[in-house]
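One chain, chain A, links the two complexes that follow: it is found with chain B in the first and with chain C in the second.
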Partner chain A sequence: MIKTRSALALAALILTAAAVRGAAQETIRSVTLEEVLSLGTLDDAAILQWTGVAAGPSGEIYVLDAMDYALKKFDASGRFLKKSGHQGAGPGEFLAPRVLAYSAGRLYVLDQSRLGILVFDAELRYKTALPFPSMLSMITEAGPGRLAVSGLSPVGQPARISILDGEGRLLGGFPFLDKVDFYLADSIAAAADAEGNFYLAFFFQDRLEKRAPDGKLLWRWSMGGPAAQEMDKIGAGGNEYLIPRKTFYKSAALDRRGHLLVLCGGQTKHPSRDVFVFDPAGVRKAVFMLPEPSHGIYVDEGGFLYARANEGLTVKKYRIVYR
Partner chain B sequence: MRSFRPFFVPVLILCAAEAGWAAAPRYQCWLLIDFDAASCSLCLEPLLAFCRALPAAVQEGRIMGIVVYGAPADPKEAGRKRKIMEAKWDGFQRAHGFRFPAVLDDGPVFRRWLDKGAARVLFFDGTARAVREFELPLPPGRFDEMLSLLLN
Partner chain C sequence: MRCLRRLFSVVFVLLFLLGAAGPALLHADALGPCQKALAACLLAPGNNLPWNIIACLQGYDFCKRFVEPLLGRDA
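Showing the complex of A and B:
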């Protein structure tokens, strides 16, 4: 049994490596999306304002709904199965659920107003809260049962990615900014490939990066143009903050062919809709457009892309067609 | 306190009719909500706390929601946006166990009152004179004062 599993794992690794090599060499003339599934309609209001989505190994789909303060599960055909969570600060409750990740049968939720990582099993049963000393803003799977996380650092401080196991134990990490120049400069989306490399997309800087597992910079890309960040002042009475106005990138995901997909923010022709496609070497191969603006994209193990529709009432699942 | 009367008398009558207010109570209350800001959890939290705390007697005849949102210029898109906002507002009420009459508004008039916050409560007397204006979250004691105005 163990030998069979090892052989399967080796075969999967070889296939993934071959696919990644293929991605580096191929020419993409166009990318189109074919809708295969839609969750949540204007009539059923099964979803009110989703913020995170993830898929399990059988095609089940998990949706984090910020306006319903709930984690929801749908089967592979899009049928609503169950939900978990309420507004609150108790076990399994949410105040501002924002980011969702799936790894090895567990769901990991970041809540903007709660410290740590909330953990649920695949049946949405709350398991525990993994402690973390600072507020986290990014979480992504970095191999089965491994998570990469980052938070927001004070201006002037370095920004780090930390690697945790599924129990929250620190396995390693690396700095990705020596110094945070302005508030939210370290806001990122990230994706990890099968070799442990990280792709980082900076929300408020014109910067995409690929980093080796030890943090070494492998390449950096920017779209060019005026990159200077304009700032808005918010707050009053001594609690004033300068926050960046321009969003450059919003989300990053890897497909199973090794392409990096990056959802752009407000600095491209179609804000929150343009998606750049890169090969693993950082060469931009194509651009395609989502049918509707989205706050994020997610790609499951089958290579299907998920994005927002109806301003958060709907999750759309698409097949990505490369030509 | 700003004077609302010249503009609001007809609007208040129309809204009251839409809300099914048969006999004018002594005071009426409008809850102005910037629903475009509802994706901001810090804005959503006080709104939800306020709505949940409203007793049934207030929800049934003393308060009306004005759900303000920004509409696109394209009429086709504007119609779709309205359906989305209706679905969200209905779903939001159902999910959190409250329900009171509300109208959707994509115009600039109510939007102006929401420049300082995502939700405001306005009180009118029987002559459509605005007598109180609160921003959510309400300061301590204000909610009880509000209920007292509405129920007594």
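Showing the complex of A and C:
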């Protein structure tokens, strides 16, 4: 019995190692996008200005519409099903909805003007608001029913990722910056893989990182070259602050093959369109371009990529074709 | 209709991110729209407290994310 278990464990280990090694050794000559679905057009009012998108296990698509102060649900064919919410500060209402995450049948929304995390079920019924002591700017799934969150910190303080369960209980976390050197140095997008590793994309720094579940740095990558940050003095009188101007990496997502996809900011040839593709070891394998500029990218469990079109009136769903 | 919707969309994004930015920004012509909004936020009474500064920066962060794809340049 013990021998059988040992053999199975060894086989699993070998298979996992082979898969990771396979992904690391994979050669990608090109990446292209094939459009498979489009939600919202210039001629309808399906979407007014979306900020977040997520997909459920049956292919249903959830869209967070900031201009409509609503969460919307579409079926897998793109047919509008229902919406929930309107402008306000009451239960299930939105003031400035910005970020959406899906995990284990629940939808989690960050609202710029409300503390905590608003929770909805898969039918868009408002469930609760999970309290959190400070403002949050990032939320992503970190395994079924688990969330990773972070927010901005004052200069001089550490920056942390906190891991929560679906009820908002703190499960753990780690600092990803010992000290915030300048305002917004800790603005990140993040994605978590099945092993609990985290990929961090820094918005105002030329910096991508992979961290183990305990926060240990596994690798760090940067474009290098003439991409140093530039600071502007913002404010007047005694209230002047040095604020970074350049944006580097806007969004991070993982595909089914373990590739990390990172949407770049303003420092590449095609601002808000260039997407870098990395293997799990942090080797950049390819670059491709979104058809239109986007504020973010999302990859669903089926490996389809979602991005912005028509200046936020449209969500496009693409098949990613690696050659 | 299409042009109007596009225009409305762009104007909306700028307005809802800029918030109450206005007269306080007249000196800041060299700044981008998100920088102007941030300046207005930082100069608002009471907003020199640490967590109010963070709230202003949070608005700047989101503004940059959503407006830069519209402008195609630093915002």
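The rule is short, and it goes like this: the second predicted complex is superposed on the first by the 291 of 323 C-alpha atoms of A that agree within 3 Å, B and C clash if a C-alpha of one lies under 4 Å from a C-alpha of the other, contacts with A are read in each partner's own complex, and residues count from 1 in each chain.
Following the convention adopted for this analysis, a residue touches a chain if its C-beta (ideal position, glycine included) is under 8 Å from a C-beta of that chain, and two chains touch if they have at least 3 such contacts.
Just so you know, these numbers come straight off a predicted model, no measurement behind them.
Student: Just checking: does A:95 make contact with chain B only, chain C only, both, or neither of them? Give me first, second, both or neither.
Tutor: In the superposed model, A:95 contacts chain B only, not chain C.
Student: One more residue to check, A:296. First (chain B), second (chain C), both or neither?
Tutor: So A:296 only meets chain C here.
Student: For A:68, is the partner it touches chain B (first), chain C (second), both, or none of the two (neither)?
Tutor: Once the two structures are laid over each other on A, A:68 reaches chain B alone.
Student: First (chain B), second (chain C), both or neither: which does A:313 touch?
Tutor: both
Student: Of the partners chain B and chain C, which touch A:228 in the superposed model: first, second, both, neither?
Tutor: A:228 sits against neither chain B nor chain C.
Student: Return first, second, both or neither, reflecting whether A:87 touches chain B, chain C, both chains, or no partner chain.
Tutor: After superposing on A, A:87 lies in contact with chain B but is clear of chain C.
Student: Looking at chain A, does chain B or chain C touch a larger number of its residues?
Tutor: On the superposition, C touches more of the residues of chain A.
Student: Just which bits of chain A does chain B share with chain C as contact spots?
Tutor: Looking at chain A, the two contact sets intersect at 42-43, 48-49, 66-67, 96, 112, 310-313.
Student: Touching chain B in the complex: which residues of chain A?
Tutor: 41-43, 45, 48-49, 66-68, 70, 87, 95-96, 112-113, 310-313
Student: Please output the residues of chain B touching chain A within their complex, sorted ascending.
Tutor: Those residues of chain B that touch chain A are 38-39, 41-42, 44-45, 48, 81, 83-84, 86-88, 90-92, 94-96.
Student: For chain C, which residues count as touching chain A in their complex?
Tutor: 1-2, 5-6, 9-10, 12-13, 16, 27, 31-32, 35, 38-39, 42-43, 47-48, 50-51, 53-55, 57-62, 64-66, 68-70, 72-74
Student: Quick check on the complex: what are the chain A residues that touch chain C?
Tutor: Contact set of chain A toward chain C: 42-43, 48-49, 51, 66-67, 96, 98, 112, 134-135, 137, 151-154, 183-184, 187, 203, 232, 234-239, 241, 243, 245-247, 250, 265-266, 271-272, 292-296, 308, 310-313.
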